[in-house]
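Shared chain: subunit A. Partners: subunit B in the first complex, subunit C in the second.
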Partner chain A sequence: MTGAALQLRLLWQRNAGLYGLYLLLIALLAVYAWLHPGLLSVAGVARFTQNWFPIAVVALAQTLIMLMGGIDLAIGATVSLGCVLAASWIGDSYGGAALGIALAVGVGAVIGGTVGAIVALLRIPAIVVTLAASFIIGGIALLVMPRPGGHVPAWLSDGLAGETPTALVLLLCLLVAWRILQATPLGQDINAAGNNPHGAFRSGVNVARARIVAYAISGALSAFAGVYVAAQTGSGDPIIGGPFILDSITAAVLGGVGFLGGIGAFRGAIAGSLLLAVMINVMFFLGFPPVAQYIAKGLIIVVAMGLRLLRER
Partner chain B sequence: MSAPLLAARGLAKRFFENTVLDGVSIEIRPGRVHALLGENGAGKSTLINLLSGVLRPDAGSIAIDGTEHAALTPALARELGIAVVQQELSLAPNLSVAENIVMGAVPHRGPFTDYTRLAAETGRLCQRLGLDMPLDTPVDRISLGRRQLIEIAKALYRRPRLLILDEPTSSLTGHEVRILFGLLRELQADGVAILYISHRLNEVLELCDWVTVLRDGQRTADQALDGSDPASLVRLMVGREPGDLFPPRPAHNPGETAIAVRGLVAEGISCVDLELRHGEILGIGGLLGQGQEETLRALFGDLQAKAGEIRLAGQVQRHLTPIRAIEAGIVYVPADRKREAVLLPLSIRFNLTLPSLRRLARRGLRRLQDEARTATDAIRDFAIRVADPAQPTLHLSGGNQQKVAIARWLPLGPRILLLDDPTRGVDVETKREIYLRLRQMAADGVAIVLSSSDTLELIHVADRVAVFRGGRVVAHLDRDQLSEEAIVAASLGVEAELAA
Partner chain C sequence: MSSSLKLALSCAACAIALTAMSTATSTPALALAKCMTGEREAPYTIGWANIYSIPTWMKQTQGTIEDVFSQLQEQGLTDELVVTDAEGNANTQITQIQSMIDADVDGIVVIAGSSTALDRVIAQACEKGIAVINVDSLVETDEITAKINTDSNMWGQLAAEWMVEQLGGKGKIIIMNGPAGVSVSEDRRAGATPVLEANPGIEVLTETNTPYNAAPAQEAMTSLLFQYPEIDGILSFGGALTAGAILAMDRQGRDVPPSTGENYRQFLELWSEKGFPGWATMQPNWLGGLGVYAAVKALEGEDIAAFVEVPLPIITDENLPEYLARAEDFPADGYIYSPYDLALFDEILGLK
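Presenting the complex of A and B:
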């Protein structure tokens, strides 16, 4: 087998078990397009991906932590912090905006890396550390901006969350970045450290470094989701991130990411978050009351997990 | 003769009060296949862990290429060319064969994984080991034997100068063993030193040039293998002193049949026949993991039988579960007391009354006074050294925890007691007390199964012994046939040679 062929087959291998989800998504998207023909236009796609994008990004952030065998309860607070930092720091000029975004995302990476270092070096369970972090980060967000406010320049809001499908392009960029990470030894270390930390350590993998990097990337992604939310709403809100905690876990689980670590991939999390977004829209067009989506989410998790376990038997 | 690659002198290691290695020296030379033999607990694993830097010796020195290394670490050992293939696998189950082989040493060009080299090198290794599955196959989809070969490929990928193999053939098929041996001979010709630990004596005789034998942490032989026969090697492995550890044994005079097992098949058991009578202690011996634990669990209903029958007092049992087994008077003391028997953070009293909570209750309510009395009785009867029964059980010593694990069943008045290695990691005093209790219970008509990794214990405590190998009973030894040699020989499958 040549190197390129091996790389392709390894890539293909990780799709195993996701075909059912892909088929369901195609079917749901077809129903959605049929109910709402406006979807099939540039502006339609743009509007749809804007709703989907923040959930997709936090699902990726959650996937990284779950790949490490943990679970991240601080995602919501980090989204809130990214949102208020964006609304406070983003300047009106192009340069000022870029700097503000970079700073907000950088803060997210530092926070994530710190949480990762505590998990990896002190061996405290991730759920405990991220629970504590969620309060600390949430508190900082409220200190930065006690009540909704600040502003994001209109051109940036239009660019990120307007009539152009910027969100879709960004999502593709994230997938490509993940592919590149997977093509490095560091990406391999992250997979191995999540899959069998003990064996990986004994094989010479720097498990602590792999964990810290994964958490840092996850924190940066959550903060970026916050920046995007700020652009969408045009202002900052210190408690806007709350619902993202459970939505990110839901999307990751639907996308086949396992709770014990080492199982799953970005594309699964993207597909899982897409399923959530489409389902909500389809239910809206079918005339269900908005709160029915909660019951539907719960049912779909149980059904999806049940089907997967049944097939594995 | 070439200079030794590794020379260890006077290695000693103690765990708490247990001396595991006592002044062991070993010399490993390039191009030689060196066998390391010894019974369970003779100190083989500890020696490997010292040589590969996982453990630090309490005394002694390790020199590699003539340089002494006071603080050998796993990383340093790896750098110096020492690779260990452990029995317990270190593979990541969801990653592919190729990714597992290079784990921790991924070939790269700049920041990126070099897939061309990865495919070429792992492909070549797999070919040498006769692994023909595609390199992208996830490891959890292939058989245990092939995973073992991948573990070996992983060690070879690092181009070791000393390859340590701990029971590498335990899960390989005959064909895979032949491939492995061919490869080891090639490595030997290339000047690689090989330290080979195996319980299969015929493999050792075929493959190895030199043998070191350990018994009770001491070296009993270090010699060329030429001209050795299996029986003489077995004699070198056995022969410990029993001391006054064991209580006297009354004449073997068993009562009625308690359990009769015919053709039992379950996970890890290929075909087991056993008979247990009231008033006797049936010993179960063999190497680790030959189906002993699974048999006990099947008798307790914790492992579903796939075929065969279990008769309790003549009645065939179907769909045995632990709850039904306990109702029928069968109780089980697992080997891993900390995880499977005792609830460490909870009080000693709670642990001692947990199995009998329902019997002690009246009209659905707990009777705390009865519970306290039951716990106090158990503590007195089993001589558990306890300051306060309300203390968490984790404050007790290992030996006293083990007493709790056994004593908690006594209020139920069990008729059949299944024990899996009850004296492992237990101090001598507690061992003697446990043996005494078991004898008393047997005298009261309880049927006892004592599975043990300690051959001496089997000989001196059990009335007769069934030896397991490969998921079946390969020898039934009555009291007059009981000897360390007989049990070890049967465990290793060399009884024919001994009889000859």
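Presenting the complex of A and C:
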């Protein structure tokens, strides 16, 4: 067997569980484009991806934690905090905006790293630590901004969430950055610590450090999703992140990320989040009444999971 | 009470007149409502961007929307009603309003899941010449055809004034609020504050904060009853809250003192059954139906004021029987709203 063929086979096997989801996505996107031809334009893609983008980013944030065998219930609060910090800190100038975004994302990284340190060093289950953290972070978000308000300059809103598909480019950048990180020793440590923490530890990997870094990246991603929501909406809202907790977990699980750690990949989570995003639009254009939407959403999730499990047998 | 209501009404009328005048002076030829270009023609497609469809209040609101929609359909003014449910998620609501714009609906009625998050997508709809009417839970942006709501501050003020009058300016009361941090709840309470400050004879024993459901309110009141042997009045800012309080008092064999509340069916029935002095107002469900009507009127070229204040309907001992006579038409856990018709809507919108 040639190297290329082997490479192809490897690729096929690595994505094996996801083909059902990919097919479902292609079908739904085709239906969406058929019902709403405006999707097939630069502005159409831009509008769609900007609604999908925050879900995709929190799905990545959740995947990182789930790969570590944990689960992050603080994602929603971190999104809210990132959102209100962005709406408070982002200045009108280019430099002020960059600084504000960097600070908000930095706060997310510090919070994530702190949560990670508690999980990794004190050995308290992630679900407990992140639940507690969600109340603290959510409280801080309400302190920063007791009720919705703040301001994001219009040029930034239009640049990140306007007629140009900036969100799609950002998403691709995030995936490339993740690929690059995985090629570094630190990235390999993160993979190893998630896959087989005991084996990694015996092989000399600093598992605690790898975990803390993974949590810090996850926190930064969540805060960045919040920054994006602030730009998308032009303002801050201290409770807007709440629904992202469930969405992030659903997207990750749909994308084949396991609850026990080490199983799954970013591309799966991205596909899972895309399913959640496209579903809302397809059901709208099919004219489903709200009650039918609840049922259809449940059925689509069951089908997506079923296809994956059948394929894995 | 009635004087302040009249004041509120005349204020609203003034505001409408002023807006109409200013619009008239700036564009004398054609006074279209905000966002309107005059290009859209009947029959119109109307989108109802709901934040959450499950609570009974929301279902009843949707009922009035469907009712007004079909009345307008008979007149050939509307042809399709598109309904979405954001399941409480403001981000989903943005996506759904975006889809309504993509589908090029003519009008959108929205109850907002966030006072700021929808600003950009609503402004975008406005830019496309879509009539966007925001009712009940309002947004910040002014890039919208109209916002329609009652005055929550007035709600609290009127309730407190009635209570002061009932007690002759002297007595011990318990204040029952909705959840802390929720703007409706905070605004109703804030409206009562100046009235209570002006009447130092009214002693506030304590305050409760519970969700707008009878069970938690009953629980909160049950423990307070042991603590306070003498309660002269219950100043409640929610119908289900008062219903819970009355059930708690009833269980302990206490007489119900003068109580305020809302048009919640169970409260009205208890009020009539126990015969205590009562007072109630409401956030009328037909705000939804009024939203559809305002959207269609704006599309038809009528000028709609940027902000339309809906006067609070008041329920007293005199008109309580009228409300209870219609009780069977409403769900057991629902709200018996005041009657409405298109003529009332015209009057509120200052048309004709």
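In this text, the second predicted complex is superposed on the first by the 275 of 313 C-alpha atoms of A that agree within 3 Å, B and C clash if a C-alpha of one lies under 4 Å from a C-alpha of the other, contacts with A are read in each partner's own complex, and residues count from 1 in each chain.
Keep in mind that, in the parts below, a contact is a pair of C-beta atoms (placed from the backbone, for glycine too) under 8 Å apart; a residue touches a chain by one contact, two chains touch by 3 or more.
Everything numeric in this text was worked out from a predicted model, so none of it was measured.
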| item | value |
| --- | --- |
| First, second, both or neither for A:S203, with subunit B first and subunit C second | first |
| Which of subunit B and subunit C A:Q7 touches, first, second, both or neither | first |
| Touching partner for A:S41 - first (subunit B), second (subunit C), both, neither | neither |
| First (subunit B), second (subunit C), both or neither touched by A:S93 | neither |
| Subunit B versus subunit C as contact partner of A:T184, first or second or both or neither | first |
| First (subunit B), second (subunit C), both or neither touched by A:G287 | second |
| Subunit B versus subunit C as contact partner of A:S157, first or second or both or neither | second |
| Residue ranges of subunit C touching subunit A (in the complex, touch as defined) | 50, 53, 82-85, 87-92, 94-96, 98-100, 102-103, 114-120, 140, 181, 183 |
| For the subunit B and subunit A complex, residues of the former touching the latter | 74-75, 78, 86, 89-96, 98-99, 102-106, 108, 111-120, 123, 134-136, 138, 154 |
| Parts of subunit A lying in touch with subunit B, wherever the complex brings them together | 1-7, 9-10, 12-13, 183-189, 191-192, 195-196, 198-200, 202-205, 262-263 |
| Complex contacts: residues of subunit A adjacent to subunit C | 36, 38-39, 44, 47, 51, 54-55, 142, 146-150, 157, 161, 229, 232-237, 240, 242-244, 277, 280-281, 284-285, 287, 289-291, 293-294 |
